[in-house]
Amino acid sequence: MLSVWAISRLVAGKDLRVEWRSRVVSNQVVPFAALMMVMFAFALDSDTVLKRVAPGLVWLAAMFSLLVIVQRAFAVETADGALDALRVAGVRSAGIFLGKALALAAQLAVLELILLGAAIVLYNTHIVGSGIALLVCTYLTATVGLSFVGTLYGGLAAGAKGRETLLPLLMLPVAAPVLIGATRATEAALGTAGATTSDGWPWIGLLALFAVAFGVGGTLAFGSLIDE
Amino acid sequence: MKRTPLRPGPTSTRFTRALGVATILGLGWLAVFGLLISPDDVLQGSYARLLYVHVPSAWLAYLAFGVTGLASAAYLWPRTRSLQWDRIAGASAEVGVLFMAITLVSGSLWGKVTWGTYWTWDSRLTTTAFLFVTYIGYLAVRDLGGSHDQRARRSGVLALLALLEVPLVHFSVKWWRPLHQSETIERGGLKGLMLFSFFVGMVTFTLLYVWLVMHRQRLIALNDIVDDRGLDRALAERRNEVES
Amino acid sequence: MEPVVELVDVVAVLGAFPALAGATLTVARSEIVLLRGPNGAGKTSLLRLCAGLLAVERGTATVLGVDLVRDRTAVRPRVGLLGHSNGLYADLTVADNVRFWGATVGASTDEVQAAMGRMGLTDRLADVSVSKLSAGQRRRTALACLIARRAELWLLDEPHAGLDAAGRDELDTTLRAAAAAGATVIVASHELERAGSLATRVVQVVGGQVR
């Protein structure tokens, strides 16, 4: 039997190849995310306010986009019974979990970069040199954590009728610490509202803890959640 | 997994009836004392009475979720696996959600009167709200259908993940809003009759919790029996239609 | 020799409905068994049970030596199920799909090529996206995935549906070759013509039971 790591690489490669061929995330979700950033500006209607809350808006848009990407990631599996087939193949569920989370993280990372770009363009956000290390760490830890949570609850919500609407209800409360932590750390990295980088590093600790907790929890729990 | 034989019957026994009577007496005392006899608080006036409901509710809600978590773990652990744990977990979660709602509403009212706001973003309150929403999701997942084992496994995993979440939510909110108003009524400030009634309230609510959970999980057990019996009947029907 | 499939009085449920109401079936190695019966009889459920996808509510079930009551996931790597869906990734090419499924059991490039060859998926077809294939070609791709996975027990649910006459004959040849090579095949179909030409044995599935 293949090792869990080999299976994850296989599944991640397959997921990314599917995205490469179908371009759903790049052609549909990215515009959606950019659109959200524009709608925020319509709703908040004040340049000073937007600049102040830009970090929060970036991560909000990221989380709502995550919902869409996760739905898509599992729709690919359930469309032609592939998830069933993966289970029939006896592929170890820990491998499926890690593989899908890996692919999700890659797509999410690209999306978040684009969102940051949108904030720079639309909300007049500036990147400070001293905050770059913090910013990068925030992105990495938050993205990994969100990918684990998304894959886990996406697996639960996939498949049978009536479950797609459960995904936001289940996932968003659980992802709340990431929203809080990533936003605060990003504010510290960008120097928004007087925050300094030293304020941001404790949050990285929380984000890392979150990522580890759900990485381990997800690896153990994914199998029972997708099994019928 | 063996099917545990369940005898259908009324959900009350002598023990639960005695428990019920004790609970009613306790609640009666609490109502009489809380609304009539107890003195007004120096600072908060009559509104302090809300705490006689709010604090025990909060205690009960957290107890309920703790029990749900433990029962879920007991089910998922192969050596102690039994659907009984699943039924307890589900019953406890339902009662917990109910009292969580009471806690949030009573706390919100109390906050409006004493601090002037319905809501404040302190870690305790926000973690409570988080748990509330999470367990509504938990109950939704329990209703997804499938066999009893599937229900138990899915919701059990969810309950454990929620437990894992709680410290993460608590700390993230605590760091986020470090300055929050501390409780203005400390336990030490309650004396004599007030303290005694407070204690009675805690005990009574705990009895109420036990009574509710016992009845609810027996009801779940009866529902499960109906499912199983339904299967027997459906099997018989299916076989009969083939013969004819 | 030990039978590949041994079901005794198996009950399986879909929600509250007993899809299998006491099914008994024994299948030996290299047999090609045809399950016949009307819609709703339980043929699909029987196949899914043997694949370890459906839980055994009552009775005993042993497939490829694995006790399905105790641990039905253990049988899955060795079984190939081709149901109403194909288990393919529509956005990927034929070659991508077969390579992926072969890789789940560590198949080499040669094995993957051989599998595609046996199903007539030549160079031309190999790089076509699955979404652009006809039903018959998709079915062949799914079978190639099965072969690449070295499945010992083939469970096929209405595999002839949507194929023309030539396609059906090709399928039968493939199945006979697989059985000759040591695999065991169970096919669910409600087509009468197949009985003589393909199967070594025909069983009736009615009302969730096997006759």
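Quick notes on this structure:
Labels A, B and C are assigned to the chains in the order they are written; within every chain, residues are numbered from 1.
In this text, contacts are C-beta pairs under 8 Å (C-beta built on N, C-alpha and C of every residue); 3 or more make two chains touch, one makes a residue touch a chain.
Because the structure is predicted, anything quoted here is derived from the model rather than measured.
Nearest to the common centre of all protein CA atoms is the CA centroid of chain A. Chain pairs B-C and A-B differ in how many C-beta pairs are in contact, and the one with more is A-B. Distance between chain A and chain C, defined via averaged C-alpha coordinates, is recorded as 37 Å. Between chain B and chain C the centroid-to-centroid distance comes to 47 Å (mean Cα coordinates, whole Å). If you average the Cα atoms of chain A and of chain B, the two centres end up 32 Å apart.
Looking at chain B, one finds that residues 145-146 touch two or more other chains.
Residue positions of chain A touching 2 or more other chains, listed in rising order: 227-228. Those residues of chain B that touch chain A in the complex are listed here as 76, 130, 133-134, 136-137, 140-141, 144-146, 150, 153-154, 157-158, 160-162, 164-165, 168-169, 171-173, 175-176. Contact residues of chain B toward chain C in the complex are 145-147, 149, 227, 230-231, 234-235, 238-239, 241-242. Remark: chain C residues 51-54, 73-81, 83-92, 96, 100-101, 103-106, 129, 149 touch chain A in the complex. Here chain C touches chain B in the complex through residues 11, 13, 15-18, 21-22, 55, 57, 206-209, going by the rule given at the top. By the touch criterion stated above, chain A contacts chain B in their complex at residues 152, 156, 160, 162-163, 166, 169-170, 173-174, 176-177, 180-181, 184, 202-203, 206, 209-210, 213-214, 217, 221, 224-225, 227-228.
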